[in-house]
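The letters A, B, C and D name the chains in turn, as written, and every chain counts its residues from 1.
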Amino acid sequence: MLKVSAVNLLLVGVLLLNLFMLGTSRIRALIQAAALQGVLLGVIPLLIHQHSERNAGLIAIATVLLKGTVIPRMLRRALREAQIKREIEPLIGFVPTMLLGALGTLLSIAFASELPLEPQHRELLIVPASFATVVTGFLLLTTRIKAITQAIGYLVLENGIFIFGMLLVDAMPFLVEIGVLLDLFVGIFVVSIIIHHINREFASLDTRRLASLKE
Amino acid sequence: MIDFQTLLVHFALLLALPPLLLGVINRTKAWFAGRRGPPLLQPYHDLARLFRKEMVFSRTTTWVFRAGPVITLSAILLAGSLVPFGAFDAPVRFSGDLVLFVYLMALGRFFTTAAALDTGSAFEGMGAAREVSFACLAEAALFMAFVVLVRFSGSLSLSPMFHAPMIASLHGLSAAALFLVAVALFVVLLAENSRIPVDDPSTHLELTMIHEVMVLDHSGPLLGLILYGAAIKLFLLSALVLHLVLPFTLGNPLLDWLAFLAGVGAIAVGIGVIESVMARLRLRAVPSLLIASAVLCVFGFVLTLV
Amino acid sequence: MTSMPSAIAIELAAALCIGLSGAPGCLRRRMRAGGQGTATALNLIGSAVGFAGLVLHARGGETQILLLGSLPVGRLAFALDGLAALFLIPILLISALGSLYGSSYWRDAEHRHGGRRLRLWWGIMGASMMAVVLARDAILFLIVWELMALAAFFLICSEEERAEVRQASWVYLVATHAGTLCLIGYFALLGHAEGSTALWPSLGSDGSDWLPTSLFALGIAGFGLKAGLVPLHVWLPGAHANAPSHVSALLSGVLLKTGIYGVVRVCGLLPDPPIWWGAVLLGIGAVSGVLGIALAVAQQDLKRLLAYSSIENVGIIVIGVGLASIGRSLGRGDLVALGLGGALLHVLNHSLFKPLLFLAAGNVLHATGTRRISSLGGLARTMPYTFVLFAIGGIAICGLPPLNGFASELLLYVGLLRAAGVDPAHGWAWAGLAAPALAMIGALAVAAFVKVTGIAFSGTPRSPATAHAHDPGVAMLAPMAALAGGCVVLGLFPIAAVPLLQRAVAAWDPVLAIATPPLPVLAPLGWVSAAGAVLIASVAFVAACFGRRRSEPATAVTWDCGYASPTPRMQYVDASFSETLVGLFDWAVRSRRVLPELPGPFPPASRFESEVPDAVLDRVVLPLAGATKRGLSQLRALQRGPVQMYLLYLLLTVVILLMVAP
Amino acid sequence: MNQVLLLALIAWPVLAAAVAAAIASDRRRPDVLPVAAAGHLALTLVAISPPSPSSLGGWLALDPPGRLVLLLLSVLFAICAIYAVGYLRYRRELSNRVFVPCLLGFLGMTTLVVCSQHLGLMWVAVEASTLTTAPLIYFNRTPRSIEATWKYLLVGSVGIALALLGSFVLAYASLGEDSSLLFVDLLRRADHMNRSWLHVAFVLLLVGYGTKMGLAPMHTWKPDAYGEAPGVVGALLAGGLTNCAFLALVRVFHICQAAGEGAYASRLLVVFGLLSIAVAAVFMVGQRDFKRMLAYSSVEHMGILVLGMGLGGFGIFASLLHMLNNGLAKGVLFLSAANIHRAFGSKSVDDVRGAMRRVPLSGTLFLFGFFAITGSPPFGPFVSEFLIVSRAFAADRFLVGGGTLLLLLLVFVGMGRTILPMVQGLPSPEAQRTTYQDGLLTGLPVLLSMALVLLLGLHIPSPLEALLRDAAAYLEMIP
């Protein structure tokens, strides 16, 4: 029971971080928030696993390492290399995006309540939190202009999916979890390389310049 | 089938009478104009004179120019053997001979117009163009009339078809249908022989619009053939129309022959009268006249359906 | 009985021989005159073998299927029945004569690039057309059908360096692909109804009524596109006009007939089709005939004129097929025999005189370098043989006695009139209305071909090239002479074709065919021969009466009503010749005119131009296509470039799908 | 032997990739490709012949559809490997240090996708294959190619992420005693699955793997990627990667059918199929860039694949057959298009004229490839498309069948209007200045794949037919 409330507490934190990420205007803060979210996610498996502590522990460590430290560092490096203004340029303003995010959260909660859950997951906020985070990721991806902010959006999207994975921390084999994390890592790695090249070719990370291929 | 005893009489009439028809027409017109006019046999004299004359050919012409009148005349003569005269069946008759009749006429037209174009003269080209253009409508009208008669007679041969009215005309509706067909056929007759109101044969050659202008360059015997053929064509169509205006027989062969001659003469007089009292139509108006005649036949056809 | 498979085998061997005729040439090194003789020889041999096979088939009994193996979903099934045999004749004839003609018309010396490719596809086309009529399996049929279509495409764009050729071949390609798609639908539906891909099945009439109807519609659309029925004829004029002339001959003489073949098979689908099938076909046929020939009269391009007259002839043939279908619905064997017999006889006839005309046009094009009728003239003097052959073709195509066109049209007239008038109780009177239409078609055909012979061949030359034209060599004249001979023979002795027709009709509708008197009883074919003979005799006689007179007659300049020195430019030209008729059909033909404005009493030199666009292609299809393209290009805004937009599509898709999820 | 076979099959290309990376010289490096391809093909032929191998306790195995895809993949890669050697000779100015290893890595990862019998593992493999292809698209090092890569990476990764979420949801739907993510277990427990979770899972997986396949409206990365990538990469993506994604989708669809939700899934598949064909047709009309046009053609045929799958019955057989036909025909088109691109130095239709005279072999094959891909007999795609339309009629879906035929006509017009002017006519003088000529290495592979397409149209070899029938039967069978 205690575990459950603790987990929900963490998830609420995650949701708040979502809104913050949608609202903030500074890329550095955005990266911080994403990293913090990663750390929070890393803690959750330790709380909700039934058995197989070892795997849960390993996963938690890997998650915290990757999402909390390594990936944010890569992003910061990309940011440093690209000599760009630290402001986030939204396609639509911050307030509208926040409102959309809030709306998305509400919808996710409503939608999640439609779906039947296993008895041991009834009280948990996992499903709504996961969907809300996914929506947040999408919002970052679709409303932000700088390539790097989109990368962060992708990271947040993955976080949301990771949250859903908590439901299956027992069913899901260790190998797959690690594989997923590894893929995420490589993905972000390749993305940051491409960001590097974009910056070199276009002297900016403004994706509005990446619109020469069209009908 | 062919029966030879009528064949002789038939061809005798076919070859002898047509120029006389022209004479009758001219006399009628003269009478209306208050002149004495040429003697009835004048056309024979003209033909005889032409056949004696020399020929002059344009340098641009080829064998088509010479072949045209010859083939036309032969086609018309052959067609003539299919047409029943008065109460008598045609010497040659078989199921489907009506198609042969129409297509022989068409063959004649093909060569007349080809010969006209062979001279390369603008006038004759003009005439040929009008001839073929109006024929499209005239042939449609003619065939529409034939369809009605086929429905009357249940036969596909000219002789039974044109003798059918004798039986059918008792019925009121069919009498109406027959009347429509008769009018249409008469219009076709005028058009095919380029008489007024479609064309005026008696004007000076260059000013006539269709037939005469096509034969500008023909001279001597060839011209004679052409005129002779035209006369035969007129005679044949008049014989066809005759069946519809007096659809009965007297029973006695001699009387029937006389009735036939009188009838054809009467039609010739009628043509003469029309030529005297009517003016020539504007060229643009000719198609509507022919279409009208075709429509009459369609009405006749519809009447046969009820 | 046992001779039958061997007959099929012989036909297939012939097809193989023809199909490979172009291959040896391609094996030679480039730029070396390759295998022209070989190709022609193989074509001739192949068609000889094919005719031998036909003779064998004529001896032997009824149809048997020859199975050679399997395809991914179908079987390699062939069969040779009366109908197929009849359609094989034009294929064999024209592919042989055409290649003979082409061997000197399309020399490698003049056509370095195209030559060997043309011969290759020529062979393939001949073979695939044979396979089309022999095929007895839907998949096999579609394969050879498309092979034929592609071969025709490559033949049409033999001179692809010319823009108009590319345009014409493109229009053809779209049309034929549309047709193929219709046929794919047709055979898919047929397979659904029959449960097999075997051809040609006859459905039980108990099937739900919409299925045969939709099959009929699909079949007529698919095959009608190939046959060139109005309004599906859009590809035909351009393709025929721009292909090499012997290819035009093959297209018009044979390719269109495969479409007719399909239409005939489609009409054989039901044992007792609804009468409106036949009525629709009669209507389509009449419209195609009248409009086709009306447009032909209006044409100013020799080969386009011939192409439109092909549409007219296809219309005539389809009238016959419609009559046969009506006869089938009424259970009247005489109508079936006369309608289908007339149609098939006209198929044979048209495959004689139309190639003849196209080859003659080829001679003219070869000698003068132009297809414009109004710049020709006087060819009767410079190219006498070509003129005679063209005239024979022209008279025949107008259906005038004593040539072959008359016999087939006579059968149709008799059939239509019998349907209207004879035994009215079991008749369908409205069929009678098609007879005047046919008569009008005939008269218009006379107008069209009088115009060509008169303007292009008679008179005086209108251009220097025309003045120095000359007849081609015997290698080009001989095939034409053969075709002309065919026209005369079939015209004088149509009886000769009767056994073929009887077998074909029997293959199409065995039930009614048994109870029907033979064609010569139904139609006066004997009288046709007699009339022809008498006509020729009387012409000879009258001519003789003049022949013995006088020495050389005097010659003079054409009498131009007193004007002493007429020039070639004063002659009547084709546009003015057809002016009246174009005016008469203006509602369909819609000619474009550029009238000169004549300012003041002494106007400067000015010109009058008129052209006749295709009623359907230029006024309906192309504008429609343009509008569609513009409409679709509006949708391109969906892909403007920003990746955010694309990601939004993903999100929306997911959301919508989750909303509609049950 | 049976145990290690699949491991070898996956490890061999990866090994080759390592070797290629180790080789220093740009000249020598490409020669690794044919060797690796030959080895892979040999192993494949062993693997697809019974007994079917499996290893890692059933995580790696070859199910009947897998055999088909593996065969196609291996053959296509062999063809492209030969071609790549010839192609890279013309691109000496660019280093292939990344290109060649990534090609081989791509082969390894796609093989892993085909062999993996575990939902999660399959996802990992698909994502990995996405990552290995990104550098391939970026080969030309131009701003446009960066843009293409960026879009490919972002859209692809997000799509794949959705697929991951879908996999999790599916796993959750079948949660219970002794549940695992092995397909056998999922199939076995299908009828206990929770319906509403299953629907969510299928939607997410459809969108996710559909993005990878390039179904409309998730196809947006395709024209950019195919347009900017080298032709050989385009061939591999259109013929290989998309089919792997299709295989993944088919496996999920199979589970849905087993769970008794086939009707719902089929409806979605048919809808997406028709939508993809329609969208492709719309964007093909008036297309000026012939490589982008091929991309849309790929979208269209992905649509046809899912359409056939959704129609069920012998539509499944047809769809699998069409997968082979389309893969090989795409090989013909992309490779010959690449040759034409080399010869004219432009991929805009306005600059390309008379390809049949400038590069006779490539031009002619391009034209015939066009006829093949538009479903003209006697080429392979005709058979499969005919079967699919017949299936639509047989299932009384007459509107679907008729609509498909209409759209196919529109596609034909759109493609033909673009392609015919390219191959016909006289080439412009600029075209004569480029050095490219059809050679053995760049011509033969195209000819080879064309021959295969033609063969499939006229006669399907009995072993292949057996494979197809097994696969169709396996997908129709519901445990």
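As a working rule, contacts are C-beta pairs under 8 Å (C-beta built on N, C-alpha and C of every residue); 3 or more make two chains touch, one makes a residue touch a chain.
Bear in mind the structure is a predicted one, so any value in this text is a computation, not a measurement.
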**Request:** Could you tell me which chains make contact with chain C and chain D both?
**Result:** A
**Asked** What pair of chains has the most C-beta pairs in contact?
**Response** B-C
**Mean-CA-position distance for chain C and chain A (Å)** = 70
**Message:** What's the distance between the Cα centroids of chain B and chain D, rounded to whole Å?
**Reply:** 78
**Fill in**
Expressed in whole Å, how far the mean CA point of chain A lies from that of chain D is 31
**Fill in**
Chain-centre distance (mean CA atoms) for chain A and chain B, in whole Å, is 100
**Request:** Enumerate the residues of chain C that touch no fewer than two other chains.
**Result:** 636, 638-639, 643, 645, 647, 650, 658
**Request:** Could you tell me which residues belong to chain A and also touch two or more other chains?
**Result:** 138, 141, 150, 207, 210-213, 215
**Prompt:** Among all the chains shown, which pairs meet the touch rule set out at the top?
**Reply:** A-C, A-D, B-C, C-D
**Complex interface listing, chain D residues touching chain C** = 150-151, 154-155, 158-159, 162, 196, 199-200, 203-204, 206-207, 211, 217-218, 220-221, 223, 264, 268, 282-283, 285-286, 321, 357, 371, 374-378, 382-383, 385-387, 389-390, 392-394, 401-402, 405, 408-409, 412-413, 416-417, 420-421, 424-426, 456-460
**Item:** chain C residues within the chain D interface of the complex
**Value:** 70-73, 113, 139, 142-143, 145-147, 150, 157, 160-161, 163, 166, 169-170, 173-174, 177-178, 180-182, 184-185, 187-189, 191-192, 625, 628-629, 632-633, 635-636, 638-639, 643, 645-647, 649-650, 653-654, 657-658, 661-662
**Request:** Sort out for me which residues of chain A touch chain C in the complex.
**Result:** 91, 111, 138, 141-144, 150, 207-208, 210-215
**Asked** Contact residues on chain B for chain C in the complex?
**Response** 54-62, 64, 67, 70-71, 73-75, 77-78, 94-97, 99-100, 102-104, 106-107, 109-110, 113-114, 116-126, 128-130, 132-133, 135-144, 146-147, 150-151, 153-156, 206, 216-217, 221, 225, 287, 294, 298, 301, 304-305
**Fill in**
So, in the complex, the side of chain C touching chain B is made of residues 377-378, 380-381, 387, 391, 395, 398-401, 406, 409-410, 413-414, 417-418, 420-424, 429, 432-433, 435-440, 442-444, 446-447, 449-451, 453-455, 458-460, 523-524, 527-528, 531, 534-535, 538-539, 541-543, 546, 549-550, 553-561, 566, 568, 570-572, 576-581, 584
